[in-house]
Amino acid sequence: MDIASIVGILMGISLLILSIMIAPGATFKGFIDYPSMMVVVGGAISAVLISFPLRNILGTFKVFKNVFFNRQESFSDLIEQIVSLAETARRDGLLALEGRIEELDNSFVILGIQMAVDGTRPEVIESILRTDMDAVATRHRNGKNVLDQMGRFAPAFGMIGTLMGLIIMLGDMSPDTIGAGMAVALLTTLYGAIVSNLFCLPCAEKLGFINRHELLTMEIIVRGIMGIQSGDNPRVIEQKLNTFVPPAMRAGSQEAA
Amino acid sequence: MDIASIVGILMGISLLILSIMIAPGATFKGFIDYPSMMVVVGGAISAVLISFPLRNILGTFKVFKNVFFNRQESFSDLIEQIVSLAETARRDGLLALEGRIEELDNSFVILGIQMAVDGTRPEVIESILRTDMDAVATRHRNGKNVLDQMGRFAPAFGMIGTLMGLIIMLGDMSPDTIGAGMAVALLTTLYGAIVSNLFCLPCAEKLGFINRHELLTMEIIVRGIMGIQSGDNPRVIEQKLNTFVPPAMRAGSQEAA
Amino acid sequence: MDIASIVGILMGISLLILSIMIAPGATFKGFIDYPSMMVVVGGAISAVLISFPLRNILGTFKVFKNVFFNRQESFSDLIEQIVSLAETARRDGLLALEGRIEELDNSFVILGIQMAVDGTRPEVIESILRTDMDAVATRHRNGKNVLDQMGRFAPAFGMIGTLMGLIIMLGDMSPDTIGAGMAVALLTTLYGAIVSNLFCLPCAEKLGFINRHELLTMEIIVRGIMGIQSGDNPRVIEQKLNTFVPPAMRAGSQEAA
Amino acid sequence: MDIASIVGILMGISLLILSIMIAPGATFKGFIDYPSMMVVVGGAISAVLISFPLRNILGTFKVFKNVFFNRQESFSDLIEQIVSLAETARRDGLLALEGRIEELDNSFVILGIQMAVDGTRPEVIESILRTDMDAVATRHRNGKNVLDQMGRFAPAFGMIGTLMGLIIMLGDMSPDTIGAGMAVALLTTLYGAIVSNLFCLPCAEKLGFINRHELLTMEIIVRGIMGIQSGDNPRVIEQKLNTFVPPAMRAGSQEAA
Amino acid sequence: MDIASIVGILMGISLLILSIMIAPGATFKGFIDYPSMMVVVGGAISAVLISFPLRNILGTFKVFKNVFFNRQESFSDLIEQIVSLAETARRDGLLALEGRIEELDNSFVILGIQMAVDGTRPEVIESILRTDMDAVATRHRNGKNVLDQMGRFAPAFGMIGTLMGLIIMLGDMSPDTIGAGMAVALLTTLYGAIVSNLFCLPCAEKLGFINRHELLTMEIIVRGIMGIQSGDNPRVIEQKLNTFVPPAMRAGSQEAA
């Protein structure tokens, strides 16, 4: 997954750079105008700062990196691991799980197993794990909202910048500068469109997917840990957990990406 | 929160001013045209006056200042205060709360405690407090509606102003005034876009957040006061009230902002 | 309420006239073009004639005047009147209400009281009154629909007119008429935007409000008359009716407007 | 109803023709360009052919003529007729209805009465009539969908045509042909806007109305025939059927149109 | 069905080619610009790569060909076949179906019959078949989503390309190249509009139809095979399956296309 998103963003940027490079008479310098960037990016950030509580905006950075650097666990590996833990628990008792905690890498699984080992009551374990799920879902939803709004405000401030550029240009129309003035004016609209269509909107879309995937992962873990704690048969646990996996992701159809 | 909104609005305005200052050949005078402002702001206000009852429009001013000057109570401080009141009530009786009223600053808490001290019946207290909540929610929702509509009508009247400017300009096309005429014509579109994207739409979005936060605060207070009145254990009250706090806001994650 | 809508429409029109008056070089004559009006208004009416049954379109005129000439009863006056009628009925019997009918001015109240005096059965009274409510709601909803569609078709026919003007102008481009031709072409877009944003859309929005207000008024009357007929205590009636009034409209917050 | 739609379409077309006739310097020839029509209408039809199964597109023609040539039965005439049939059935038995079939003109009523006369079981009659209703609803809904999509694709292909025209024109810019070239280029946008706003969208809207009206008519007929067959009192049938008629259409408010 | 889609796409492309051919002064060469194609198609693909997991994008190709090469089974043929299988099963036992498997061509029917012959338990058969249905529905829905997003990003990148072209052109305005430069700039908008309106959006719409048709087909097969396995009367099976067929597709109204 990450590979697709990274490839996508690199490919999009390369295409734009390439198309400038091969265009006769085009220079990179003509496409860079810092005040224009300031208006588009700064304006969109201003609008977002007004729209959302600071906490939600800061949280966006945390979830934003997930779009590109999120190693998605395959559901089958996860279920396999839970089943193996269930076997240990059934054979050697819940306390035997303590020795296996360090081989785990998913902090959510570790939290659950640790509580099970500590003899925390099942209702309390479930309630704590579900509170964590809620927090993740809220963080993702807020992040998606902020990105969606930036994707809407960036082209608006691009248009504002272009209008300002046109007004400046029209106030002083000498035939030899009018072209350059208009080019600079259009840059803000261009920046707004790129920020929106190559960054904000696709990343917001992806965050929705990541959110659904992570919540499903956590749901499987919660059910698995509840099963382990109540000493269910590992086969039964495996079967139950598999019913949560969407058909397209079963049976080794998991890509490496 | 307020800081973010104030920073956002100041940052947005500064960016626009800055970008005019650094643009070669641009003057502030070129960006100020009172008739254009009149058409955009006046037109949007006219449309809103037709659309909504006068009461709703006037109410918008009251809630609008909340976007910038709203000191949001942290949920944990609020719950702590309610628990402390509950302890007093349990130790020294409901009447002992009278002595603590003056240390309270939330008028909604004061109203509830006062009624509890006066021996008002629980159903009546709850019904009066909930009526207040409804009134707050209605005021916020109406304010958000008015801002949303202004955010939609402002660009429309911006376009109307630009069309009028273009028609005037085209009626008398002398090569040396056409540029200035078109610049003035575009100003209304610029004003409409700024009013909509830097003020109305982000503030409407923020009002939605403030509304949800305030309703949650009031819900916690109502439940707390009902618990105090019925003499519940302060620990039980604390636990129950905490279930209303969204996960992202628990455990000291409250910012100072 | 009416005052706000009338002020809004007058203010919007005045602003547009004023901005033409103060613009240097602008003449009213340049903003009036009958064929352009014909295309925009006639085209929008044509599209609406195709879209809706004739009955719904004619009904729009009836409800449209409500936007400006609708005297909205205050809920508290209405409830006071119903309570006073209930007191008469309780003291002197239902028949005594006959003498008070002529002091009433709301035809819906009169209809209900008349039926109560005539000894019509409660179910029949309620069913007849509710049928009237349905008819009012349908009429308002149809009127809002027609206005909404006109608000969508007017700018579309504005654009059609402008395209036609541009095509005519471009077919015969002499440098001294091109400006005037283009000005006339843009007039249709201007007309479409004004018709939509200053008339249709705000009035459609207002009709929605009026509809909700009138239905609430009728609901209160229906409940009140049912209470009067069954001989309820006037205090109980008052209390029940007050629960229907939205919080923002209670306690003397009713404006004169 | 039909009159309104026919008047609307004729009025819309006449207005456009008239506005060309009275515009100084405009010729009809300048507004007719067959390749442009081909791109707009052909393009929209192509997109619709890809979007929908052939069956749905062909069905659109069948329902499309309903917009203009649909004689809508008044509900009161229909109920009167059903009541009269119920009286015959009650007086002379179900078989006596056979003699009255030829005076009926609604094929749906004839189908139902014929089955009742033939002694078909009630459940079978209802199931067959309701299958017919489903088929009508599906046909109308598909037709509305196709028209809605054409209303969306026509302006898109209008823009495609204009872009193509501009590109051709710009490839060979001689000052004396540029105006004519641009005029032709704009024609496709004009065609797209007219096809969409004067034909597709209003007709789609109207089809929705016709669908609701026809389904209501059929519902009344089904209930009436079930009542006739079970030998209900004609007065009771009349009362029950009247509850299906929307308030605005009762009590002689039916227009001739 | 396929024929309509293939005809639609060929007709759309032919119309565009034809309109270039018959336009005086137009050359195909003027409409082909590889960098522009690269920006539009590459940009839209980049945005889609960021938006969706790689698996969903790859799955789109699999379902995309269904739009054009999908032989849709008629429901009546399918039901006839199932009924014939049911007769064999009833006459000669479930095992006798083994001999008829090779005359079947629908792999979903074969899977079900094979399991029935193998004596798999009914719950297991139903669960396996329904898992397959889920997988098909997920694949189609993902494919539709990807196409819808491409249909939204393609015009956005068309606009980005046009802005880049305009900026390059304006940076170096010599009167003899400005026309050509602008023509090339507009090409990206043209490409974006064609990709979106002739390919992505209509195909996404069609995929929705195909999905509903295929799920209905599979539902009929599942019910049929469950009926065959439980030894139901073939007539009863036929009757039950027919209730799933939408009215418009019953009674030989199936086209050959």
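Letters A, B, C, D and E name the chains as they come in the text, with residue numbers starting at 1 for each one.
Definition applied: a contact is a pair of C-beta atoms (placed from the backbone, for glycine too) under 8 Å apart; a residue touches a chain by one contact, two chains touch by 3 or more.
Not measured: the values here are computed from a predicted model.
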Next item on the list: Give me the fewest steps it takes to get from subunit A to subunit D if each step has to go to a chain it touches.
Entry: 2
Note to self: Show me the overlap between the contact partners of subunit A and those of subunit B.
What the structure shows: none
Item checked: Same-residue or different-residue interface between subunit A and subunit E, half as cut-off -> different
Notebook entry, point to check: Just how far, in Å, is the C-alpha centre of subunit C from the one of subunit A?
Noted result: 47
Margin query: Distance between subunit C and subunit D based on Cα centroids, please, to the nearest Å.
Written below: 29
Notebook entry, point to check: subunit B touches which residues of subunit C in the complex?
Noted result: 1, 3-5, 7-9, 11-12, 15-16, 18-20, 22-23, 25-27, 30-31, 67, 179-180, 182-183, 186-187, 189-190, 193-194, 196-198, 201-203, 205-206, 209, 246-249, 253, 255, 257
Check: Across the complex, what residues on subunit E touch subunit A?
Finding: 35, 38-39, 42-43, 45-55, 57, 59, 131-132, 134-135, 138-139, 142, 149, 153, 156-157, 159-161, 163-168, 170-173
